[in-house]
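Note that subunit A is present in both complexes that follow, paired respectively with subunit B and with subunit C.
Right, the complex of A and B next:
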């Protein structure tokens, strides 16, 4: 086993004890990236990473990310490093500034080694729609199973054991769903907890920056580093950043855990349901109270359409700068309108154009009331219901996905509750701006699956504490394809 | 048959804040293209808007000057459309909740109703060449306020005066220099004409591209006449956008308006609604500059200046500031006004400089005026000193020393000696005076002045002269 296979905090120990150097780690990570066959890489930062590792200076004992290699989802702006959002529209675009989350990690001397794939412009959940094609799930060497998305590349490289953590973004469940398919810890904190400056916007009121790790403690430690108010992001919270590791091992006695009945009931996979019941027992044994609560099934069925209308509408506007004049490839035209039409027709994939058309249609004056505004109103209704549950419960606990990683050619009935509810409910955390974490909880046919915990806004400390309590009782700490073998 | 024109105006004012509406980029006018920008202004993916506090304060002040209701919460929306000068493909503006609503201005005794005032960001500037267009992003993101009237104006005169008053307000509040020629104040006009007997308004025509105050009235008068003529010859008025053609002093059709554009407005979620406390609003108003209209009343009531003088002093903020500085240090308001309007303006015009570049400070001018008014120096000497101050850039005291002016004598004994000397040599004038010829007194005083080289206090001399004359009855 290589040091690179460790979690961040264990790796930090090895660095402090000088068992390994950042340069060795970076070289090995690059080597693994080159050998990796999961199509997860947009841009290999070989030169940049080796230079950073070479000039890193003395070990910083109190800085757990010092010299730690990591990967960045390619929708975070990175100065002088190509960033295309896995879209041909931004092929060759080299940003002039770093996203705040990247900047904070660079300041702490963590070392980015790669920009990794996503569903085109983060719009998608399969990890198959980026301009480089499918990103594969390392748990399925036959390359038939999806990684899930949109943060497919980030999930893939962490699950492969190439890096101990990777940045992702989450608008509906884009971190937490692939985390389930990849047996990873996938964490999106409260809206406003981490600056979004430099994250390519998809749906600003839902977007959150977050990351994948292989332990809950790593996730807690990272949050203390990357959270905080940012003068460049007006929506970033000025609530003080805590030391999220401090309370991570507190006993969880008397904690109230809510389970939404209708969501569990919409899942048909028995392995997942049985394992879910097992984990509930674990929580009970730890002294937590389990409360089965109810949510209106009809309201749950509106989660996906509400999300889809909101996100498509905002996406049309957020990507309107990609018009072939300011950004994107230039395809001639006799007028500016023609040039823009050409660029947007040829630059975006059909899937993206479909979303833009739906979004545009929803925003039209004659449709706004019926679609966009109705979705916005419904969102508030959902948020009210969820906050009611969280008033008397500390967290909501549910399976993160109704199945393990689905095959790429999966045909799902999108009108069935299993899809409408169980496969899409995690957007609740985005609607309400709540911190939400997926942790690995089981396997079926060698494919992992995870469960999700969603807590009250800005109560990350408690959420991580509850997640860690379960992680401690399960054999999935530092899970990766390598550690599993 | 009588006709009535109905006019509505939309005015965009570019603010001269230090930084842009939503970015930290400095605001610079007439600078090297694309040097006053940040990644946000160029719509780099991932950049986010951060609202400019000073722009909000400015908007509050203008709202107050226009008697508007000021919203207690700030909301921003996106206006979506594709255009080559629009970096993001949308403009952040205030659609549903403008910061100001329902105001008015009284112009020539008529009330101009103002529907709304909102903040937004400017677009990039396009420089068109025969085969290509260049974009200058220095302008992109400069804070704008848009002020929209109701269609309630019925004459070109009032419309022009209204725009002039808006310019005066924004420039006295130091929100903008309001130079139309430089696009800092832009004005779109909607005009329709109907027969007096008609109940409904006529078809609305928009006139754009009016880029000087003088053109507003000309353009409107032309457009009103054009529409009247069209109605009289039974032509249909087309709903269209016209532009003002400076050369021909006429409006020319630009494009026919079909269905209005759907801007698909929706809230800007990157800026959460901002509560404006009453204190914040009150402070913005309290710390705001005095308006020209307030100065006008003060100059008239407190300083007793005439309308002409007031209009000259208020023709620009720097001039008014200069006057106010002087008026703080001297109560001879009329004299200050005279010097400012006659001597100083003549000098500024001759040298083609502004009052900001004028070397004689208010303190220096006041020192001179106070000496003259208290009778220490004569008007003639004061002007000599002024000329010297201008030429040599020195203060009054130094000028006097160098010119060897000791000042007017108010020494009773010295003047009396001079008076007696003159009287001794002008027996005939004494007789004339006692015979009731008033001219004789003036002649005698003139002689004293001449002899002294203008250095005696005229009123004191006059008093002593009368005393001495009466002695020789």
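Right, the complex of A and C next:
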């Protein structure tokens, strides 16, 4: 086992004990990235990473990310490093500033080694729609199974054991679903807990910056570093940042865990359901109280359409600046309108264009009441119901996905409950701005699957504590393709 | 609600300043059929109009003033780095008035 295969905190110990150097780690990560065949990388930061590692200076004993290699989803702006959001529309774009989350990690001397791919502009859930094509799930060497998205590249490189953590973004479940497919810890904080300055906006009312790790404690430690108010993001919260590691091992006796019956009932996979029941027993043995609660099935069936209408509507507006003049490649034209039309026609994939049309159609004056506003009202209703559950329960606990990683050619019936409910319910955390975490909980046919915990807004400390209690009882700490071998 | 037809979708695409292939308009038309089916579930909810549209998950207050701290803006060269065609420190575009 190489030191690079360790979690962040274990790796930090090795760095402090001078068993390994940041330069050795970076060189090994770069080497693994070059050999990786999962199509995860947009831009290899070889020169930049080696320079940072060479000039890093003396070890900082109290800084757990000092010298730790990591990857960045390519929708976070990185100064002087190409950032295209996996869209031809931004091919060649080089930001002039760093996203706040990147800047904070750089200040702490963590070392980015790659910009990694995603579904185009983070709009997708398969990891197959970026301009590089499909990103493969490292647990399936036949390359038939998806990584999930949109943070497919981030999930892939952490699951492959190339880096111990990677930044991602989550608008519907874009961190937490690929975390399930990749046997990873995938964390999204409360809305506004981590600054989104420099993150390409998809649906700002839902977007969250977050990350993948291979342990809950790593996720907690990272949050203490990257959370906080940012003058460049007026939606960032000014609530004090806690030390999220402090309470991570607290006993969870008397914690109240809600299980939404209708969501569990919409899952047909027996392995997942049986393992879910086993984990409930673990929680009960730890002294937690399990409460089966109900949510109106019709309301649950509306989660996906509500998300789709709202996200397409916000996306079409937020991406209006990608016109080949302000941003994106310039294509000629006899008028500036023609130049913009040429750029947008050639730059966006057809799939993204369809989303923009759906969004614009929903926002049109004559359609707004029946589409956008109706979806926004329904979001309010959903949030009220979810918050009602969390009033008397500390967290909501459910399987993160009804299946393990699906094949790329999977055809789903978009009107069936398993799709509308179990496959899309994690968006409730985005609707209500709640912190949410997926942790690895089992395997079926050599493919991992995870379960998800969603807590009250800004109660990340408690959420991470409850997640860690389960992680401690399962054999999936620091899981990756390498450790599984 | 405005009827969804190939023509209305083309009009929408045109307003958004892009074009798509004929096949894609057909795919989109089918996608709209599914969306309308899914949105029907919300339409059947008689209580829905008693909720106000939710745009942000929490109250966002942007009424505080920042400290007035002088800062150096980015240089013109840096800001123009991503522009393909530039002349005299400005982005060059096709003529607006011919």
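The criterion applied here is as follows: the second predicted complex is superposed on the first by the 485 of 485 C-alpha atoms of A that agree within 3 Å, B and C clash if a C-alpha of one lies under 4 Å from a C-alpha of the other, contacts with A are read in each partner's own complex, and residues count from 1 in each chain.
We take it that contacts are C-beta pairs under 8 Å (C-beta built on N, C-alpha and C of every residue); 3 or more make two chains touch, one makes a residue touch a chain.
What you see is a predicted model, and the numbers here were worked out from it, not measured in a lab.
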item: Touched partner set for A:200, first subunit B, second subunit C, both or neither; value: first
item: First, second, both or neither for A:357, with subunit B first and subunit C second; value: second
item: First (subunit B), second (subunit C), both or neither touched by A:457; value: second
item: Subunit B versus subunit C as contact partner of A:433, first or second or both or neither; value: second
item: Contacts of A:96 with subunit B and subunit C, given as first, second, both or neither; value: both
item: Which superposed partner A:77 touches (first subunit B, second subunit C, both, neither); value: first
item: Of subunit C and subunit B, partner touching more subunit A residues; value: C
item: Which of subunit B and subunit C A:270 touches, first, second, both or neither; value: neither
item: Which superposed partner A:336 touches (first subunit B, second subunit C, both, neither); value: both
item: Contacts of A:17 with subunit B and subunit C, given as first, second, both or neither; value: neither
item: Subunit C-contacting residues of subunit A that also contact subunit B; value: 93, 96-97, 205, 231, 234-235, 316, 323, 325, 327, 336-337, 340, 360, 364
item: Subunit A contact footprint on subunit C (complex, rising order); value: 1-2, 4, 8-9, 12-13, 15-21, 24, 27-28, 31-32, 34-35, 37-39, 41-45, 47-49, 51-58, 60, 62, 66, 74, 78-79, 81-85, 91, 93-96
item: Touching residues on subunit A, where the partner in the complex is subunit B; value: 75-77, 83, 85, 90, 93, 95-97, 99, 196-201, 203-205, 231-235, 313-314, 316-317, 319-323, 325-327, 336-337, 340, 360, 363-365, 368, 372
item: Subunit A-facing residues of subunit B, complex; value: 39, 42-51, 78, 80, 82-84, 87-90, 133, 262, 264, 266, 269-272
item: Complex interface listing, subunit A residues touching subunit C; value: 92-94, 96-97, 191-192, 205, 231, 234-235, 298-299, 301-302, 304-306, 308-309, 316, 323, 325, 327, 329-330, 332-341, 344-345, 348, 350, 353-354, 356-358, 360-361, 364, 366-367, 370-371, 373-381, 383-384, 414-415, 420, 430-434, 457
